[in-house]
Amino acid sequence: MKYSIFSLARAALNGHKNWPRTWRDAAPKKHYDVVIIGGGGHGLATAWFLASRYGIKNVAVLEKGWIGSGNAGRNTTIIRSNYMLPGNIGFYELSMKLWETMEQDLNYNTMVSQRGIVNLYHSDAQRDAYARRGNAMRINGIDAELLDQDGVRKMMPFLNFEHARFPIQGGLLQRRAGTARHDAVVWGYAHAADKLGVDIIQNCEVTGFTRDKAGKVIGVETSRGAIGAGKVGMSVAGSSSRVAAMAGLRLPIESHVLQAFVSEAIKPLIPGVVTFGAGHFYVSQSDKGGLVFGGDIDGYNSYAQRGNMPTMEDVCEGGMALMPIIGRVRLLRQWGGIMDMSMDGSPIIDRTPVEGLYLNAGWCYGGFKATPGAGLTFAHLLARDEPHEEAARYRLDRFRTGWTIDEKGMGAQPNLH
Amino acid sequence: MRIACPYCGPRENGEFSYLGDATPVRPSLEQGVDAMLDYVFLRDNVAGEMQELWYHGGGCRAWLKVTRNTLTHEISAVEAARGAGAAKVGKR
Amino acid sequence: MSSQSHRLASGGLIDRSTPMNFTFDGKPMTGYAGDTLASALVANGVRLVGRSFKYHRPRGILTAGSEEPNALVELRSGARREPNTKATTAELYDGLEAASQNRWPSLRHDFLSVNQLASPIFVAGFYYKTFMWPAALWEKLYEPLIRRAAGLGRAAEAPDPDSYEKAWAHCDVLVAGGGPTGLAAALAAGRTGARVILCDEGTQFGGRLLSDGGEIDSMPSGEWAAKALAELEALPNVRIMARTTVTGVYDGGVHSALERVSDHLPVPPAHTPRQRLWRIVARRSVVAAGAIERPIVFPGNDVPGVMTASAMRTYISRYAATPARRIALFTNNDDGWKTVEAALAAGLAVAAVVDSRAEISAAQRETARGAGFAILNGAVDRVDGGKDGIGSISVALAGGARATVEADGLAVSGGWNPALALTSYHRGRPKWRNDIAAFVPDSPPPGMHAAGAANGSFGLAACLADGHAAGASAASDLGFSKSAGKASSAADAPETPLSPVWHVAGKGKAFVDYQNDVTASDIELSAREGFQSVEHLKRYTTLGMATDQGKTSNVSGLAIMAAVTGRSIPETGTTIYRPPYVPTSMGALAGTNRGEHFHATRLTPSHHWAEEQGAVFVDTGLWKRAQWYPRAGEKDWLESVTREVRTVRSGVGFCDVSTLGKIDVHGPDAGAFLDRVYINTFSTLAVGKARYGLMLREDGMVYDDGTTSRLAEDHYFLTTTTAKAGPVMQHLEFCRQVLFPELDVQLTSVSDQWAQFSIAGPKVRDLLREIVDPEEDLSNEGFPFMGVREVALRGGIRARLFRISFSGEMAFEISVPARFGDALVRNLMRAGEPFGIIPYGTEALGVMRVEKGHVAGPELNGTTTAGDLGLGKMMSSKKDYIGRTMAGRDALTAPDRQVVVGIRPTDKARRLRSGAHLIPMGEMPEPSTDHGYVTSVCFSPMLDQWIGLGLLARGRDRIGEVMRAHDPLRGEDYDVEICNPVFYDPEGGRQRG
């Protein structure tokens, strides 16, 4: 049933008794052309692009829990394409363009809301770095504006312009950036992929790879039995190393915990997304009214999906330094996700040394905004066996060649990216 | 998280900074590029008990080897990291 | 409505001698000390207190605790306005102002209650199916409407004027909750000598005893609680913390707790914070957080006047306030009946008890007979009413017949859910117990134990025994062997088991999550559409996502989902519990680190003197550094900076460079150690000489640079950049301790120990001769370029003198112990007066370094190699060093890398800006023609034009090429010439002197 205000109104007449499942509860078949491990946003988007753009519909998405139960369901929902380096900049803009048509493409309201992002700067050096970044964006056809202090004040008069330890001097604005409803992205891709025949198989944990005599991956072992596959794609951010290890691979990735926070719902206060340049704090306000915010990763390897107090306090200090009017707004909930922190802060979309096994990993804390872009480019790689031109630099061997993509300039120290 | 520094006693993890897996040993120049690539860029990324390097920058500036479970964050041992990444230990 | 129309003439734990005035929505009312805002509202006959989130339904008070979903208000006003404050936990104070929220124009007449008319469409997740066309209207129309309607209260409009604190506490046993269980646990642990902290979120200890009474150790429970508290207060090893909620548990036994220090006062007293965030490190903890009574889901269960049974008797017994004159009870368990007893004791009428169980005890029948009310075996399947309260209560009787009950208050008890949050914060999943139809804790965090109602032991006797045992065993685990004393005892009446009732079907909306307006049919719809996992259910319907985090709704919701999908409740499972247990103000979490105190401020040794000179300061990391020293008559910073540069280049000036990181490297292997961390060689450096050094990261990129001197055979003095002072120290300690333990070398950070000044300009020697002991030879021969020596100053202080130059002028750096820094500056100024000495700031320093083509932060950006910086020749091939192997990778040695070049606009009058990109002439700016960018710029007084440095692909082959500086952000595009990065004195004759 197509979703629209009309179908909704019709359904209201009989108490919404006839809505079908948003996606079928598929049981695994014996064999698929492509098996995607990981029913997060990336995996489901990959399946949808395979089916809708590359004509490969005999696809299964295997999810060990419930779709969207990993990082897709626990991020801070920000979308943006304010990257700087070749390799990143085109990819994230491709992704941003896909966000802009997502709802119509999927017939699902994912609440893509382009309310803008402002990265604040507090020093001349930061301004210069943002000027470099913003100009790189403009040269790549991406919107960017450099605001001075007055420009920021006009947009967000509630920020701390007085008595600040590091006064706000201005900001880099991308108006097309914003937020999207993270769970809806998962469900939207599931809904649309399912309609094209993709099997979404929940509670199906991959426990091993099936290899032929030459070592090629020809399927997966799962908690719901063996499933044959022409190709296997991994989209399991947070668990990439664990899954790759089943194929004997070691990755340039560490798993780290990133915490996120939401306040009680309040009436609209913050127009878009704002990031503090003098501390670890960024925030947006959800449509429900909660301030959704976060900061830096805790900094130690973790698979626990929860963090500790020093980081929480550091983030809240940043929040209060930036917006002292929220002193009496209450933090409602803190949570944590497992980040695939890569060695240069950029992702990997590539073939692996194991034939038949393809990798989409290493998204650090930036995977959500990449969802449609990663879906398209990973689907391209799986379908064509060659990288999509906008993801061509996300090579696994770039650490060997040295062509790393290091936006922060921190080198092979994952917890500093 | 509390780390029991052998020199300073138990302290909150905010006093420490983290480097990562304590197992890899820095290869010598003679071991060549592959060994160094492995050392610098590849990780076991252990899910479970792991030996790792922490620096007590907010205290005694000792590098510590901490045995910690990455699934539960439970710490079972803390010792000085002296020589943990050294290829030449014992050969002197 | 007369004031306190619903206050009983006597009884309760309120202080009638202390009346308090307050207002609700501007209307003046009175209450008493000891009231909560909710109990005072009840006493004033207020039923309608708020509007729900989505449908804007009229809502009353549901509970009497921190689980309240409905009675949220904006408390206080102006800069102290607190949105979403639970009236049920807000203590009344004289002058309290509260306002209802999420309504317009008024609570009684809320425009958005029209949403109820659209409720057939506004079902769970409806917004995912619509608002898609046309795409542009989402941001312009739909979303703004949704956003305005959503949200609850309003944040304050000015910075929070109150202060907050943080504190640490350490104990052996932390007891969370001061009810009978917690008091028993604290007594047992405290008597053994263990250090105990007992926290309770309320003002008074006793928990349910304050409402339910009963007898303990043959005395009234209130008396027992007072005695227990007195004993605890007398124990020096026990700390009692009222108004303190344990909100979370983290690794290593760290618990967070929020103390509401001044929230019960109109404003915090002087020098007293509003709230204090505690980090309590406990070796063991006992969770005695009690249980939360759950409502039953039936149509109309949200009509104001419907209340949990325990809340209703709390208002009656503890606060002597009557939510209703004539009450009915809907229960599935014996505990609910206590509300009937409380009502009768207060002289209220009881209309009926609707009990879902067929088996009713003789005592209960006797109560009903005595009070003259009916016991109806069945279930309430509809409450009619509205903002003025309950109209009528419809009951479906067990046999199929129907009954109607006339009452103005309905107490509901669906059983009790242990407060699981703390025990589940480490992701331990609770386990289901059929006998009490509730989840109980399982696999709690290390060292934590749940006891009493929090562990599913609901009777008073069970709580006392359980609490005592938990406290005693926590202490004995830790080796406290003294006796825990005798456990207190009480008699629990025999109980008829509860029979679970989750949802009573009927016509109309039956609310599961009151605040978020999630109904039973929403859960059915969620199941129908495939959102059957509890996480999907939560996310699709928003069940449990409101400010109460589902404390009254989660278990009911998943029970309904279990029923709909034909699974058991434990199979259906729970969502993840996350801290904090009660919402915690951002102010408390930030503590004192806000405003100008967000981060520490570091001052240089010359800071106070510079302040006297009227210097303009700039933040460099945590440091405040003098940026320039304006003089009267100078029209802008550029004029001041230009004067400073000209003076240095023609006379003499000095600059505080104490912010550089300084590290003493001692030991016989110091030289060998430095050889391994720098790309160039230091072991061959002669004593008394300095050398510029460059460090790489292990991945081959440049990490940091600085000048390192050899002061003695076994003593080097290493400097780092200001920004990397801490990280380089950490890195060197890593190299020393972890990688190269065989080297006999020690590192000492001496950054704060030395005040260091660069003194530069052609007249520097003339000046120094006035400062330094006349015996010291400062001639070019006696103190050559890159020479280093300790010298005596006039007056006897020893100083270190380094003949090094960042400015390109004849220059020395002088360092003295930090405590002499201020005196040295004043002496320099005095001695330098005949030579026209000036201080110069970081801007002039930066201008001179750009003129000299020295790289700094913008070029050392973590992605440049030594070769990119023009320093490739420094890389020794005779030794291993950090980064050597990886620096040889293809990309790091590729010929088309971006390398440092000089840049100047072809139009000399043109200003150059950092961040402009470099595009070949005649090309359109696009990714393939983006060849580099401008990293650093300055106005060069020497060249009389703007100049800069940049990183440009194949830059060294392009000297003389004219390119476009493309700066669309600032609307600029102009021609620049690529040149050698050393603009001034390229031969270096001036510094060699």
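Labels for the chains are A, B and C, by order of writing; each one numbers its residues from 1.
Definition applied: contacts are C-beta pairs under 8 Å (C-beta built on N, C-alpha and C of every residue); 3 or more make two chains touch, one makes a residue touch a chain.
As the structure is a prediction and not an experimental result, all values here were calculated from the model.
Engineer: By raw count of C-beta pairs in contact, what's the busiest chain pair here?
Structural biologist: Looking at every pair of chains, the most contacts join A-C.
Engineer: So which chain is the furthest away from chain C, centre to centre on CA atoms?
Structural biologist: Greatest centre separation from chain C goes to chain B.
Engineer: If you average the Cα atoms of chain A and of chain B to get two centres, how far apart are those centres in Å?
Structural biologist: 30
Engineer: Taking each chain's centre as its mean C-alpha position, how far apart are chain A and chain C in Å?
Structural biologist: 23
Engineer: Where the centres are mean C-alpha positions, what is the separation of chain B from chain C, in Å?
Structural biologist: 28
Engineer: Can you list the residues of chain B that touch 2 or more other chains?
Structural biologist: 1, 12-13, 17, 19, 37, 40-41, 72-73
Engineer: Which chain C residues reach two or more other chains?
Structural biologist: 250-251, 254, 279, 426, 698-699, 886, 889 - these are the residues of chain C that touch more than one other chain.
Engineer: Got the chain A residues that touch at least 2 other chains?
Structural biologist: 304, 308-309, 400, 412-413
Engineer: Flag every residue of chain A that touches chain B in the complex, lowest number first.
Structural biologist: Touching chain B from chain A are residues 241-242, 250-255, 299-304, 308-310, 314, 343, 399-400, 412-415.
Engineer: State the interface residues of chain B toward chain A in the complex, per the touch definition above.
Structural biologist: 1, 12-14, 17-21, 37, 40-47, 50, 52, 54, 68, 70-73
Engineer: Name, in rising order, each residue of chain B that touches chain C in their complex.
Structural biologist: The contact residues of chain B facing chain C are 1-3, 10, 12-13, 17, 19, 26, 28-29, 32-33, 36-37, 39-41, 53, 55, 57, 61-63, 72-75, 80-86, 88-89, 92.
Engineer: Could you list, by residue number, the parts of chain C that touch chain A in their complex?
Structural biologist: Interface residues on the chain C side: 53, 79-84, 120-121, 123, 126-133, 135, 138-139, 143, 146-148, 150-160, 162, 164, 166, 248, 250-251, 254, 256, 277, 279, 425-427, 521, 525, 528-531, 533, 535-536, 539-540, 542, 545-547, 549, 576, 578-580, 583-587, 589-591, 593-599, 601, 618-619, 697-701, 857-858, 861-863, 886, 889-892, 913-917, 925-927, 930, 933, 935-936, 966-970.
Engineer: Going by the contact rule set out above, which residues of chain C touch chain B in the complex?
Structural biologist: 250-254, 279, 281, 426, 446, 698-699, 726, 729-730, 733-734, 737-742, 749, 880, 884-886, 888-889
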